[in-house]
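So that you can tell them apart, the chains are marked A, B, C, D and E in the order they are listed, and the count of residues begins at 1 in each.
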Amino acid sequence: MATGGYMLLLILLSSLLPGVAIFFLREQQFALRTALNLGGATLKFLLIIALLVGVYRDGKTYSLSVNLLPGIDLVLAADALSLLFATLSAVLWLVTTIYAIGYLEDSPNRSRFFGFFSLCVSATVGIAFSGNLITLLIFYEILTLATWPLVVHRGTAESFRAGRIYLAYTLLGGAVLLGAVVWLTLLAGSEPFTAGGYLHHLSADQGPVLIMIFAMLMAGFGVKAALLPLHSWLPRAMVAPAPVSALLHAVAVVKAGAFGIVRVLNDVYGVELAADLGVTLPLLLLAIMTIVYGSVRAVFADDLKQRLAFSTVSQVSYIILGVALAGPIGAVGGLVHLVHQGVMKITLFFCAGNFAETLGIHRVDEMRGVGRRMPWTMTAFTLAALGMIGIPPLAGFISKWYLGLGALEAGLAWVTVVLVVSSLLNALYFLPPILRGWFSRREGPWPDERHGGGRLETHWMLLLPTMAVAAMALGMGLLASLTISPLYWVTFIVEFEYGYDHIWRAIFEWETP
Amino acid sequence: MAADVLTPQIYLLCGVLLFVLGLHALVVRRHLLLKILAVNVMGSGVFMVLLGVAAGGEGGVDPVPHALVITGIVVAVSATAVALVLMLRVKAATGLARLPRSGPED
Amino acid sequence: MPEEITTWFLIGFDALLALTLLGVAWRLLAGGDLFRSVVLFIAFGLLLSLAWVRLSAPDVALAEAAIGAGVTGALLLVALGRLRRLENRFFRREGGNT
Amino acid sequence: MPWMDVMADMALAPWLVILPLAGALLAGLWPAAARWWGLLTALLTLVMALLLALQVHAHGPMILDLGGWAPPLGITLVADGLASLMLLMTAVVGLAISLHALGYLAGEGRGHWFWILWLWLWAAMNALYLSGDVFNLYVTLELVVLASVALVALAGGAAPLVAAMRYLLVSLLGSMAYLMGVALLYGAYGVLGLQALGAQVALSAAPMLAAVLMTVGLLAKSALFPLHVWLPPAHGSAPAPVSAALSALVVKVSFYLILRLWLTVFPALPLSGLDVLMGVLAAGAVLWGGLMALRAPRLKQVVAYSTVAQVGYLFLLFPFLRAHPEGWKAVVFFAVAHGVAKAAVFLAAGTLQRAAGHDRLADLGAVMRGRLKTSFALGIAGAGLVGLPFTGGFIAKWLLVQTALEAGLWIWALVVLGGGLLAGAYVFRLLGPAFEPGPADRGRPLPAVMEWVPLALALLTIGLGFAGTPALSLLARTLAGGGG
Amino acid sequence: MIRRRFTSPLVLLMSLTLAGLLIVVVLDLPPQPGLAAPVADAMDRSGVRHPVTAVLLNFRGYDTFLELAVLMLAVLSIWSLGLRDPIPARPVQGPVLHGTLRHLIPVAVVTGGYLVWVGSSDSGGAFQGGAVLGAAGVMLMLSLPREMPMPSALVQRLGLSLGAFAFLAVGTAGLLTGHGFMGYPPAWAYHLILGIELAASVSIALTLVLLFLGGRSRRVRHGR
């Protein structure tokens, strides 16, 4: 057990224990529940910062392992990639918690909601810190368990239907994943994640088996990442409350899937082996198909949250596209999009939640003139949407830029065409709400106006988190060259994973000519 | 000499046939009382096989199967008593002394 | 050779007893009149004790006669009586309804 | 640990029979105090079972000649890894059932009958797990049957009585088949000890037929599809502690015995054909039980059908026995994990039923929202049934899939994974009502123990998620058969 | 009905197959020595002279102990099923039956006692003796025009568990004194076995009568 392994446990417990405690609070114990929520979220944030300091300044390693079966351990470990994902989760959890407290004010069953909400984040952080494939599988399944109650939270027939579909997909994915992980463990043992993979030593004639397992792993993780044939649970899960959608789409569930794919490709198979096996190209094609398909569906979706959901289907596949390019620059683009998409998408969902909660706006055509009524929210929405389209100098531009460079580096120039087409489609579905919101005039009353009369355009607990994440989305693009930016971080990871010392310098020079 | 060999053989054969006879009746008959009787006949068949084995052994009559069969008889009467009372309860509760929707295996 | 005759007589007896046992078992399990089945079962138990004697198991024969035939027979008879009474009760109840 | 050395020579095994039996006799003598005898017995038996497991783990299997008469003549008690794990599981679940019954049966006029019969059942199961003699096993088996039939019938009413009758007849049929097997074995080898038989059994007609008769007889008792008809009404309508005892423990008894026979007595016999047949029946059970559980309208019925499904997994034993020398351990671990989880689910269901006054799933939402601890227990233990991570069920599922893949029997791995999906569907269906909108209602007042016990047992399911290694190393101390 | 028509021949076929297999196996059983020799060798340490009794109460005493447990459990199971109806009414007995029984019952009691005692050296023993005693009790029941008043519930329960208790106590004492569970010190074996036999026969006799009654009477409520 390396030093400070309990630090990781503490990070898990900082949301797990408050979560469990919250379950047993009475509905009226608002103050205590809020204290537990915010206390846990803040504590986790601080612990992650401490962890970052420990890893990067003091060069400590953190890991913790618990025996499960002979030769098989539950391993928690902190490497650069897990820290990236954990930090993203911790930050976004903090803001989402604040947002959710405001959003769910006076609605029933809040103790249950926040309990599962906390469990969900614990599972996500567990996924981030998983040190081997089995641990990843375990937390991945726990995430299913913790998110189902959130999907069905409203308790309507529609949400139960969505919950059933969600379960059908994720449990099936989990079963496939379990089969794959057991199989792989039989072949190669329960190895820790290793940069460059740990399957090289397997003899060449096991290629077909490895391809089969790879396909199963991709199917298992692809469910949550909403890869093309497995995506349809996601738009339906939109019946959940806005903070859940935000969490599901921006951080927890889809990212867990994408993160799993990144882990498998980078730290289990290794990019070289994957490329040798010829599995990266099919994955790339699948990602591209998902990107285009999601964008097209988003164009034709009238409901705002549906549109965002299909946008998520499309955008998450950028991450997969990036790693499937099998080169360092593409990987930078994919991984940085993990962060960028998270922050931008959560901003969009917060905005959509604000519109729905304040004015009862659910459909794109109802957004006419909303810019005058809610200028702050509309500004945030605009920033994030433009970022998604990839307008410089916003965060999405950086992702797409590196993805494009990565494609060129990999000799797949045609992929850039896909990126361009996709960006056009992004514009096609994000510009109408922006234009309508700012430049159209409202005739008649809002569908369902609630937060009238205050000095702010809506409840401060809704507005503040929205503005915070919008500012982050802006900052990530503008300040991409700072050493605390996700981009810097990602290049560090990629440098390590791909073993190129010079690459990060090269990228950096490429980026700032 | 012939009797020493043949007598156990006759009873072994008889025991086996009683067992199968009981088994068949247990499956086919529907009245619970007959089923209970069938189990008893099956048991008697097994006891007969055990005693046949005891009588046909190399080293004279073997007392161990005798003890086993005595134990078995007592167990059988216990089970029969319980089954009979249960049958009466079923009859009182359902009006039938047979199992509803009786499949071939019960 | 009287010994041999005795031996074959005994074997004949064994065979006859076995056949009788099988016949009685067949009849008692054939269904029809339950009372007859129960009486046949008691007879079956007594014949069994005879068989146990032939198999040099006097202890078992005693136990069979006392428990297998005696007690089980009594149990069966009482159960049959109660069953009849329950039947009458059901019959009467249904008769009263119509 | 020095005290372990002191313990090395102590004969602990008999106490696991003496204690519950004495408890049963005393409870029968003073029915008014039955529950206190029951509780005392449960505690002492658990302590003894723990000590025995530690002893076996430290010093290996223990064989005890009863009355000082060595095997061909006397009966032995065998306390090895397999037996002590089953005893421990029984003791843990037994204590939970006893504690829960304390609340569940409080104020019931006929409650003492539960205690008396339950202690008898416990004693009988312990005697069975320890027995090392095929005929003695028959007697203990009959004890188990009589006690559990009486427990099933305890609920009264037409359905439980019919179920009890069916169960009794199926069991007697099974017992007779088993006994015929014993007679054939004695006829062929002239001994009754498991080890002694195992040393002699070779491939020939008599032991083959004996093996088939005994196995089929025990299968009927264990309600393997399609011989399961009696199980759902019996387990679904009994009082909750009884359902828990039947589903979690009694079902495992005949499974244990089959396993014991094939490990010790019949390892020399080939399984060809039998393994495929059993595998197909197992798959049928998993599928049928799962589908019925998806349709049953009442909470406890769902759980009862879940037992039908999970019995199916137990009989993957046969394909595994044939293809993988260590495969049976996975199945045993599954049996233990299922025992704990199923008991927790049934006890939680009983608590909810008592609080609501019924167990119709459609109308259970309010009470599920009001009784959070219990709903949690239901959820966690349900996750155990599905085999979701951090539960014993996950480790069990992992081991089953691993065994199947290692042996190249991917079809059984598919059965396990598919069964897990069905289990997921019906477990989440159970939890659904808790998420419907509406008020929360604690229902009728209940003793606190009825809420805490299912929760504690459910948390133990999580504990089992980390018990894989110790359990497997305990199972490694199991007496193997075949040539001594 | 279609199902039955289909299954009946199937069951018959399977039964016949099983019968065939069993016959082949049973008639082909190899000659084996069995346990006659080991029993004979151990008789002098068993405390009794009759081999079946030695097996039942000493070598395989544990079986017999559990068998007593089965009997007792059967009674308890029946009791747990609820109160019973009284035994069917009987016609008033004539003087002949009455007179016969008056003589038969004492004879049965004596025979039963004798069988228990003689079990140590000859055919007989607790089960046979107990059964005869029980049969006497059943006859007594049948001879009385009305149901016999049974002793109080506690006495019934005590009598019922006497045999199992005695066995358990002796067995546990063996465990505690170093003779092993269910072990007797050879010097005491005869007396212990006789004691257990007596206690067991009382329990068995009572058990059989209670089994015959088939539950506790609805008319006489027994307090707990």
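As a convention for this text, a residue touches a chain if its C-beta (ideal position, glycine included) is under 8 Å from a C-beta of that chain, and two chains touch if they have at least 3 such contacts.
Since the structure is predicted, the reported quantities are computational estimates derived from the model, not experimental observations.
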{"item": "Given chain A and chain E, the chains that contact each of them", "value": "D"}
{"item": "Chain separated most widely from chain C, comparing mean CA positions", "value": "A"}
{"item": "Identity of the chain that, by mean CA position, is farthest from chain D", "value": "A"}
{"item": "Middle chain, criterion being Cα centroid separation", "value": "D"}
{"item": "Pair exhibiting more inter-chain C-beta contacts, D-E or C-E", "value": "D-E"}
{"item": "Rounded Å distance between chain A and chain D, as computed from the means of their C-alpha atoms", "value": "43"}
{"item": "Geometric centre distance via CA averages, chain D-chain C, whole Å", "value": "38"}
{"item": "Averaged-CA centre spacing for the pair chain C and chain A, given as whole angstrom", "value": "78"}
{"item": "Computed distance of Cα centres, chain E from chain B, in Å", "value": "17"}
{"item": "Residue list for chain C, restricted to those that touch at least two other chains", "value": "59, 63, 67, 71, 75, 79, 82"}
{"item": "Junction residues of chain A, two or more chains touched", "value": "none"}
{"item": "Residues within chain D bordering two or more other chains", "value": "135, 139, 142, 146, 149-150, 153, 156, 180, 184, 186-187, 190"}
{"item": "Pairs of chains, among all present, that meet the touch criterion", "value": "A-D, B-C, B-D, B-E, C-E, D-E"}
{"item": "Footprint of chain E on chain D - complex, ascending", "value": "11, 14, 18, 21-22, 25, 28-29, 31-32, 64-69, 72-75, 77, 110, 112-113, 116-117, 120, 123-124, 127, 135-136, 139-140, 142-143, 146-147, 149-150, 153-154, 156, 180, 184, 186-191, 205-206, 209"}
{"item": "Partner chain A, residues of chain D touching it in the complex", "value": "369, 372-373, 376, 383, 386, 388-390, 394-395, 397-399, 401-402, 405-406, 413, 417-418, 420-421, 424-425, 428, 432, 435-438, 465-466, 468-469, 472-473"}
{"item": "Interfacial residue positions of chain A with respect to chain D in the complex", "value": "23-24, 66-70, 108-109, 137-139, 141-142, 144-145, 148-149, 152-156, 160, 163, 167-168, 171-172, 175-176, 178-179, 182-183, 185-186"}
{"item": "Touching residues on chain C, where the partner in the complex is chain B", "value": "7-8, 10-11, 14-15, 18, 21-22, 25-26, 28-29, 31, 34, 37-38, 41, 44, 48, 51-52, 54-57, 59-60, 63-64, 67-68, 71-72, 75-76, 79-80, 82-83, 86-87, 90"}
{"item": "Of all residues in chain B, those that touch chain E in their complex", "value": "9, 12-13, 15-17, 19-20, 23-24, 27-28, 49, 52-54, 56-68, 70-71, 73-75, 77-79, 81-82, 84-86, 88-89, 103-104"}
